[in-house]
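First chain written, first letter: the chains are A, B, C and D, and each begins at residue 1.
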Amino acid sequence: MKTVLLMGFEPFEQEVVNPSWEAIAGFHGQIMAGYHIICRQLPCVFGESLDMLFTAIDRFSPALVIAVGQAGGRTDISIERIAINIDDARIADNKGNQPIDQPVIADGPTAWLSTLPIKSIVWALQQAGIPASVSQTAGTFVCNHVMYGLLHMLSQRPMSKGGFIHIPYLPQQAAAHLGAASMSLETMQRGIEIAILTALSVETDIPLTGGATH
Amino acid sequence: MKTVLLMGFEPFEQEVVNPSWEAIAGFHGQIMAGYHIICRQLPCVFGESLDMLFTAIDRFSPALVIAVGQAGGRTDISIERIAINIDDARIADNKGNQPIDQPVIADGPTAWLSTLPIKSIVWALQQAGIPASVSQTAGTFVCNHVMYGLLHMLSQRPMSKGGFIHIPYLPQQAAAHLGAASMSLETMQRGIEIAILTALSVETDIPLTGGATH
Amino acid sequence: MKTVLLMGFEPFEQEVVNPSWEAIAGFHGQIMAGYHIICRQLPCVFGESLDMLFTAIDRFSPALVIAVGQAGGRTDISIERIAINIDDARIADNKGNQPIDQPVIADGPTAWLSTLPIKSIVWALQQAGIPASVSQTAGTFVCNHVMYGLLHMLSQRPMSKGGFIHIPYLPQQAAAHLGAASMSLETMQRGIEIAILTALSVETDIPLTGGATH
Amino acid sequence: MKTVLLMGFEPFEQEVVNPSWEAIAGFHGQIMAGYHIICRQLPCVFGESLDMLFTAIDRFSPALVIAVGQAGGRTDISIERIAINIDDARIADNKGNQPIDQPVIADGPTAWLSTLPIKSIVWALQQAGIPASVSQTAGTFVCNHVMYGLLHMLSQRPMSKGGFIHIPYLPQQAAAHLGAASMSLETMQRGIEIAILTALSVETDIPLTGGATH
């Protein structure tokens, strides 16, 4: 059976949960649209996260890989458009690494575009009443690192699609960050399911704007 | 049996739902901590909203009155501290009224403080993992109008407590307002139930800061 | 000669300057529209700030009193509409006081409205190309404390007008607060001069909305 | 004499000025650190802006090219890190073009990194008391279009450095956008001069973090 690989992260930066893992863990082992869903929790560590990701891709040869990460402070489910070949860490990762302006992959291209139908996913989420948008940057921390590494590896596997989705804090996290936006676990789970189904079913993305003036 | 009166609002400003009504309607007729819950939907109209509120208070002589309103763009459940004797409408209400710097109640005092245990409610919400804060302003539109009128009337009824709670957009509303924060209906409902139970059980509010430097 | 009293503050919360003092100090001793300008720097301390303010008002019997304070994070010159009779300090003042839910003036009314022509000032500032708005809350820290005390005292002096203006960080402050808005000293100074001249010349405020829906 | 080419833009999206042109125009014809400064105003039009830019680079063979653009709503001077090979217009440009997901340069690489010493520029600005940061996205409108085209052309001219700087609204613009941040023309001009001098003098950028977690 064809597989879909979902990746979430362990908690980082003083948090005790990471919404990305909470939101995907329940899908592990499920069948969705005829695809077997495999979930993995990545360490929030430069390098090690990619090692685990590459191992999983080699093992399962998934048709679709979606990595999900926490974007504390964002308000919606944001579908990342692009990953860049730069690690520039504002904070240390979970093993104390804090690279500055290092490449994710030496000699890799400057950036890779998501191969998900990002406009279709945003549109499907909004139609379902879930706040969503295209994001033009995945940052320069472990999330971007994983997205870049993923797309770099998939560039050698033209039958596989992949990309990255950022989600807000869970309510229980935002309760400790005065003024921060949040999203319920149920909304996140529905959103990710819609993203998966859209990615599996859409061949050619729809020409809707998801741009930013700056 | 003693009663609790919950007030929500009809939709306004191009919205098709108002989260304040969605979040409370299900409590109508329930018994909570020995109190009978009565819910009413207020028109988003200056004057008429207060007429309906006053009629309901006269009829039910509630021990507790909580009005709930939509604060599109806010991220959390905000417990309002104060209502001011000013109607200053940035947009027209649902009947086209747009008063500027008119008193809510002629010859009323400049402001009334909520008689809810606002710090205890915020604390209880945060303990339950629900984003919450004290708000220092309920604005100058129909929400503040209703809060002021409510507290003015209750000032003559010392056995009754009352106040106002602002809630964010629902996800389906935020899906149409790019970048706006939201909260799920379930989280809102749990939050309002906690607020009611806290208001019914706390005699003396706890001395936690809920202040703002500006 | 008639006098105008301008009050600014000393720095607080790790800052080395307070834009409110930088923006007004240069006006001390000037004549504006026939009024003698007197400036005073208030301590960022509950109680002591009001003592100094009351002493200055008693001494100079000013026709107009404007207190100016720093609102770090705000983007524009905000003309405060109302002060409330509550001290609720999120941080300690410069002498370590951190009152919670204490009245500014025991037995004072719940709130006092600015007696400045706030709409006219906002309009004049915007016409001059200076970002400005009405603010519905001055917070619950020393700024609100001073505004409330000022308006309470002036309520016994019907010939005197008074109010409070919040200003953003200076650029050199925002340079140390990633992402915070700022305003140049020159723009602040022009803004305060316009506010003074407008307050001195306008008898009846203009009916423009300065309201907020929440 | 060696030259520096500065590019600003004409107004767009209902504005009557563009701060990017206001902030650079005064440098035209000046000598700075031994370099002759040439300024050009680009149309806010896909394609035409690049034509004019390419013509100017061919004519002047500048050692340094900095394009400056308006980022309405941002609070600081943001030094762009990267340009991507995508035109995705949320609004129409000044000639009505609204491309969606078109490449800036057919067959160009996915992205180009700024060749300015972006960390050194941010550091120098902050040291001078000017709010500044690294930005991870220049958007997908004409600013990114020009930045990408510029870096693509300069990739064939290894002796030339180039990049893009986004600046906030001017105060007179923000006065018409309630709540928007702004920066004075003088601060912008000082900031751009510091950026030019830093770009001309720094050979190897300093390893300071300018990263984002998302």
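Just so it is clear, a residue touches a chain if its C-beta (ideal position, glycine included) is under 8 Å from a C-beta of that chain, and two chains touch if they have at least 3 such contacts.
Predicted model, so just to flag it, every value in this text is computed and none were measured.
Colleague: Using the contact definition stated above, find the chains touching both chain A and chain D.
Modeller: Chains that touch both chain A and chain D, as defined above, do not exist here.
Colleague: Just curious, how far off is chain D from chain C if you go by their C-alpha centres, in Å?
Modeller: The answer is 38 Å.
Colleague: Roughly how far is chain B from chain D, centre to centre by C-alpha average, rounded to an integer in Å?
Modeller: 47
Colleague: Touch graph of the chains shown: is it line, ring, star, complete or other?
Modeller: Shape = ring; chains linked end to end, path closes on itself.
Colleague: Which part of chain D faces chain C closely enough to touch in the complex?
Modeller: Touching chain C: residues 75-76, 125-126, 128-133, 170-172, 174-176, 178-184, 186-187 of chain D.
Colleague: Inside the complex, what are the residues of chain C that reach chain B?
Modeller: Listed in rising order, the residues of chain C that touch chain B are 13, 69-72, 74, 81-82, 84, 86-91, 98, 100-101, 109-113, 119, 136-141, 143, 166, 205, 207-214.
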